[in-house]
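The chains carry the letters A, B, C, D, E, F, G and H, assigned in the order they are written, with residues numbered from 1 in each.
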């Protein structure tokens, strides 16, 4: 419901180019397409600056395939996150060119765009090997949104020289995504070393008093270092969206 | 144990139409039927204004079928919530006309009554597609209790124009059931827009710091908007009962 | 942002009674008055059906008094909840006719309206004596909104005959507000006895494993009885708003 | 390490019936039999007044069978709780007369003793049908320990007349075990009605904000009624042990 | 609402000794006295076997004094728990013979009865010195209810020989109340040593990961030893009530 | 420990401009000044792009004043957050030109720099009046770091037209800081409306099931809208640091 | 109850140097002195290797002074932790030579012993200035137990060069105590750098999602680095005891 | 990044044995080997005193096998913890001599070294039979690190004589690892009996209010006994590392 849109409508009404009834009608129905079980947002791109992405978790393969086949009409690229193989198979029946990344659990349609290279890349760091699926969700999403990504994995602070060994690559980034489970200390240390915004992603990697990622989440929220924004546990996708908005403004 | 019932008993005793022993006996045994593993409440309808509904979770298919076959003697309509296919198959052996709604996980016997239409409908809103199973539990229950229902799905606040596009339908409702997982913000926004009671249903849809619906639950309990009552996580059935009591008084 | 209001605006623009600029302007500024630290909502009454009420907690006495002195221009009645004596003294300097209820911690301006009596009253029940402050917040708010209230206090289930002794009064109510701390079992028992909607208010009364009202809150959310809506811990005001919407539709 | 035992040892040493080395040795090894993975407590019966019971959860079928086959030498009756069918099959290979109760998940060896009838029974109450497995764990254990048990199931407070209909049976009991999931209000109401000790057992029956039995647990710990002791969630066995110690002193 | 009481009423109605209206009336009003803010339960003694005790927390000194002055008409002995000095001063104005125990925070009226000595005493154990206020609440309540009490303080398991040094006194008890904060291990060890029922009282003594008594509470609920019932954190009064019901049946 | 610094050191060693011992020494002592109780980081500015800020909470007034008087030697501007009046008075004894903002609880030394105006401002939004102290901590910090700030307060979603009335100002911002207590829904709605990064700050404003800001925190972490980074509860300062890094790169 | 002690007793009985009654008696009463509210453990030194220390929290000044004046008879050195000034004043009346450390909140009697210097010191590290009170509790306790301590404060990982600047001192230690609030990442980084045991002490320093030290506690329990033992939040004393046992075996 | 290593580098640069570029390069790449998904730390042994161990949880069998086949080049012994049979099969394809312990879920390569016997063993205690898998993870790890281990299983405090029967063996140990689920009281009792450091390992053994090991964890953190360090729930491996560092310094 952006002001510009409303203003244009008012002018059309004023100029008798549109009746009041039509104005009300268009106001209600234009920006999305109703499938009954889902309202496809055709204009979100314009409004919030990011293409439509389907969050696959909790949706049936049929629902996902249905949404994709409607969206394909107006979108060059579509991303389905938290998708399993069954979802992929359902999508492929309508959109055979769809690709599937098993580690990231993402269905990609339309291929990655040419990355914006006038800036430093988004550095995607993980503390351990087990955090890689979340990191790949972030990295693929960021690339799909037009970013260059530098993957720097398994650099947790328990062996801090591994992190320092990559410091030059990390310092070249425009945004850093720090992904860690267990105690999540990676975000604190990185936040104290770099000048750019850091997005911290707690993961559910761990056991016992980790409580499904709670330990890393609380740790990251309490970081002493400044300039750190935290997203939900395992939310690689959300981190990538924020990083992309910071780096290339959409 | 309503006063009227007690009064009648006392008069019968006074008028020697009933012995003291009989009075005590009837007092104890009348209002339910004992199956050993369950006491079927034949009078709850009279007492609390709603027909008997069986909560299927935690009961064996045999127990559910047993309860249904006793209740069928005194009830036109029976609803079994949280029922899976095995429960349905067990019930069908005794009551072959039973129907099953897979999304809502409800077994229906006796069909829906003619809805009371002198009032606005109950609007059932969901924030996302994944909340639909809870919404269908609510919608079917409400219809079964004699209400007209308007289903308005996938209108979460992250794309708030989708919600405003349905504002006219929402404003026609007499009661609104707002169903949302994730952060549950739908209830707050709707609560600020409508004049009628809003029943908020948090769902377990989400992941990570959602903690099985806790995030949405706390969010809804802390709504700034007035006039919102919250039910348990995923409790579409309970929301429908309350909505029906508000709308048609039973 | 109700449709009717928008429609009227569109017609005025169409009929050249209002310029597009004015329409946009009025759209932005009409419904509230900006004090810098607060936006007074002059139209909420029209929009959600309830008069403006000031939530005093977290506001300085100066802010409360400032908001009251602006609202008094357009409102006959004002209620300030969660107000302490200092807040009252600040308000009295501008509005000397303001009254203060110490138990309910409410400042009242304009007196209670004549109650709507065509319906049964709102029964406000408490489990114990210590729950009375929350109950009075609910009862006073409900009366201020035009309701008749029946106060039935200290009828907790540990001495269930006390509850049954008032059953006739409870059964006459159109809505029941059940207020309880400790284990909050009052809501369950009452919910099984009455036919009307029950609003459950957990209170922070208790100690130890009560965890500030969490025990009663969880208990009420898990009620086996149907037709119960729960509000936040100690939220007597919110319960009254919902009860009033159910009873007299505003 | 009871004083009497120590005193006897000291006298034997004093009277030169036992050397100091032997005393130390017997002190260490007498009261249990070491299987490597388990120390079978042959004297717990004497010391705490209850026969050895094997808690099956977390033990392999082989371990359970091994413990049983050692205990059978010194015990007439053995009970294995939290046992599944695999455990039962392993036990039967050594002790073919073992019986298995599927609802209670208990393996019984040696049959129930003649119950002590000079007192009122232990009343085992459940709020709902789904609480019955926990109730049967309690009831069978109590019977095995020599108690008379009165099972009163599905008498939850949402239909409180069902509870009152059994009040005469409940009032005859010497101890009451009140078992409930969901909001656990049964314990509060029963605690206010009876004069005898009440043992409250929260169950994990429920969903959403029940949090695996936490709601019922907190509710029971916060009971307004006096004289209620709470045991762990789903701990029917522990409730029976306490009830038996209260009723027949062992 | 005991059956005997109901039966007597029915006979009076049958014999025309009481009109139906009177019966209903007496049914409602007899068992308590309504002060507006409190319903004094004059018959609880008969019904649940224990004298009325006032829980002082959350009540104003005026309310406490008011309740006491009404109860004094029908009761020989009154106990006010969780009372501070202000409460005591308010009570003394009406009942000058009232006594106050500062450690236990209890107001006593009417003195302790002669204890029942045909049984072993109630042993009240604490793990540390800081647990004594809770222990005194338990001990005084138990004495007031007619029990003999043996106080055994500061016998926590970190110096387990202190506990064993009192084993003979502990083994003479008929019921043991084990009171402990911190990690609450006292209950586990005592539960494994004695044959009689153990009531475990977690206290809020501790800091950090104690979380206001949560650590001790969870520890006690998870006791491996059998026959242990747990009450709320710091609930010395409740433990004494249960102990007294077990020991002398009221 | 940036690479450039290390490289320079190595070259100096290679060129014999510095002995190995000196290199090690300078490596250790250069970047901070040790006061015993605090290590003042003279180079953090260079390393992470932000001037030194003192977090006042938990430090004594003496410690704060001591740190300030050392830092004043090398810094033009100093900010002390979470400072109370006592802290201010201690600081003023050494640095009389220090200013104090009571709402934000910030001590400012050196005045605000000329803001960078080539970009849109940082919009600081609050849901309610009670969130203003956190907002002022954010706004002052952001201004101190060289940013232009647009304060938009009391625009919570319960009266969503208040938010929409400021949409044009919000849409002009380069970064949005959304501050809300209670249920924190402001972040979700704003996140769906704007194209720029949103930093969500939960506040501890609220009561009951708010649990000290937990409700708003979980709500914000579970936002459906993309591109939202969350900071700790009440952490206005941290939000401003992140916003400034995003907007002007330091 | 150590074996040696028991063995000696048995020999004395055997050799008729002690009667059985005396043995039992001495067994019960020897190892502690009973003050009614406290059992002073005169032999703990022998048994667990550490002198008696009084935990002051929750004890009245009178109780503390009473315990001290009894212990002074058998002990050269006494430590009272968690003591405030009132406690100190009470102790000084009996033991005028007592000293008080206000930061550490410790009363010291008897002065520190000559430290064992054959080993590296115990390094006590804090992340921030606000953690110093906990650190001083640890450092003073360790010194009192005969250890050499190296205090290294304010070396949190957000400015990791401060930590590396002291690496040589840290690497000389035989045990490291890492004390940190907020997110507690210090323990992880230090644990990855040193070869010796690390004892991690979470502190309650922080706010918001720190939840009273929970964030740091969970972080430390989930450390990826090996060889880290965690103690309770703010438990500087416990950390020192463990460090001393590791370093000098008592 | 130890100082010695840095010093050597600096000298090589000074002596022109290494160019600045080489120094920087070697600084970055020497201490680990990058597999893309994992950085194998070839020098951790030197730096922290323990050989590389692979934490298997969350890694695919392929990743584990890949890491093992690289590590085998530089390591005599490798340990994979939290490994299931699939992991073992993958490893065996490259390293056929690998062994698998099913109870401990550990893959062992290279066999156990000759244990250091100049000290007392590490005593590994469990409270129950179900805690044995965690105990075996600890015991095997400790043996692999060169320690002698004494396994003492099923000595929980509910039958405290079982513990005392092994007191002589326990008292011979140099370090004690106390492993317990349920209420975790074993650590408290053992901590009060021994003079050496105790490492407490809470396990997830239990049910209901155990909350996945939380009860035992909190219990152990709140131990009254001194000198106890706690590790994460079920973290037998971490306990062994700490024990080994204490006992043999690595």
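Just a few scattered comments:
By definition in this document, a residue touches a chain if its C-beta (ideal position, glycine included) is under 8 Å from a C-beta of that chain, and two chains touch if they have at least 3 such contacts.
Each chain and its UniProt protein: A, B, C, D, E, F, G, H = Nickel pincer cofactor biosynthesis protein LarB.
Everything numeric in this text was worked out from a predicted model, so none of it was measured.
The minimal number of chain-to-chain contact steps leading from chain C to chain H is 2. Interface comparison, C-E versus D-G: the higher count of C-beta contacts falls to C-E. When the contact pairs of F-H are matched by residue number against D-G, A-G or D-E, more than half turn up again in D-G. On a Cα centroid basis, the chain most remote from chain G in this structure is B.
In this assembly, F is the chain whose CA centroid lies farthest from the centroid of chain D. Between chain B and chain D the centroid-to-centroid distance comes to 37 Å (mean Cα coordinates, whole Å).
With touch defined as above, residues shared between interfaces to two or more other chains in chain B number as follows: 1, 3, 27, 47, 128, 159-160, 164, 167-168, 191-193, 208-211, 214, 217, 221-222, 225-226, 232-233.
Here the chains touching each other pair up as A-B, A-C, A-F, A-G, A-H, B-C, B-D, B-E, B-F, C-D, C-E, C-F, D-E, D-G, D-H, E-G, E-H, F-G, F-H, G-H.
Against chain E, the residues of chain H that register as touching in their complex are 127-128, 156-160, 182-185, 188-189, 191-193, 206, 208-211, 214-216, 218-226.
Put simply, chain F touches chain C in their complex at residues 128-130, 132, 153-155, 159-162, 164-166, 168, 181, 205, 207-211.
Per the touch definition, chain E reaches chain C in the complex via residues 1, 27-29, 31-32, 36-39, 41, 43-44, 47, 55, 57-59, 63, 67, 202, 204, 212-214, 217, 232-235. Contact residues on chain F toward chain H in their complex (touch as defined above): 3, 6-7, 10-11, 13-14, 16, 20, 23-24, 27. The touching residues of chain H, when paired with chain G in their complex, are 1-3, 47-50, 53, 164, 167-168, 171, 191-197, 199, 217, 221-222, 225-233, 237-238, 241-242, 244-246, 249-250.
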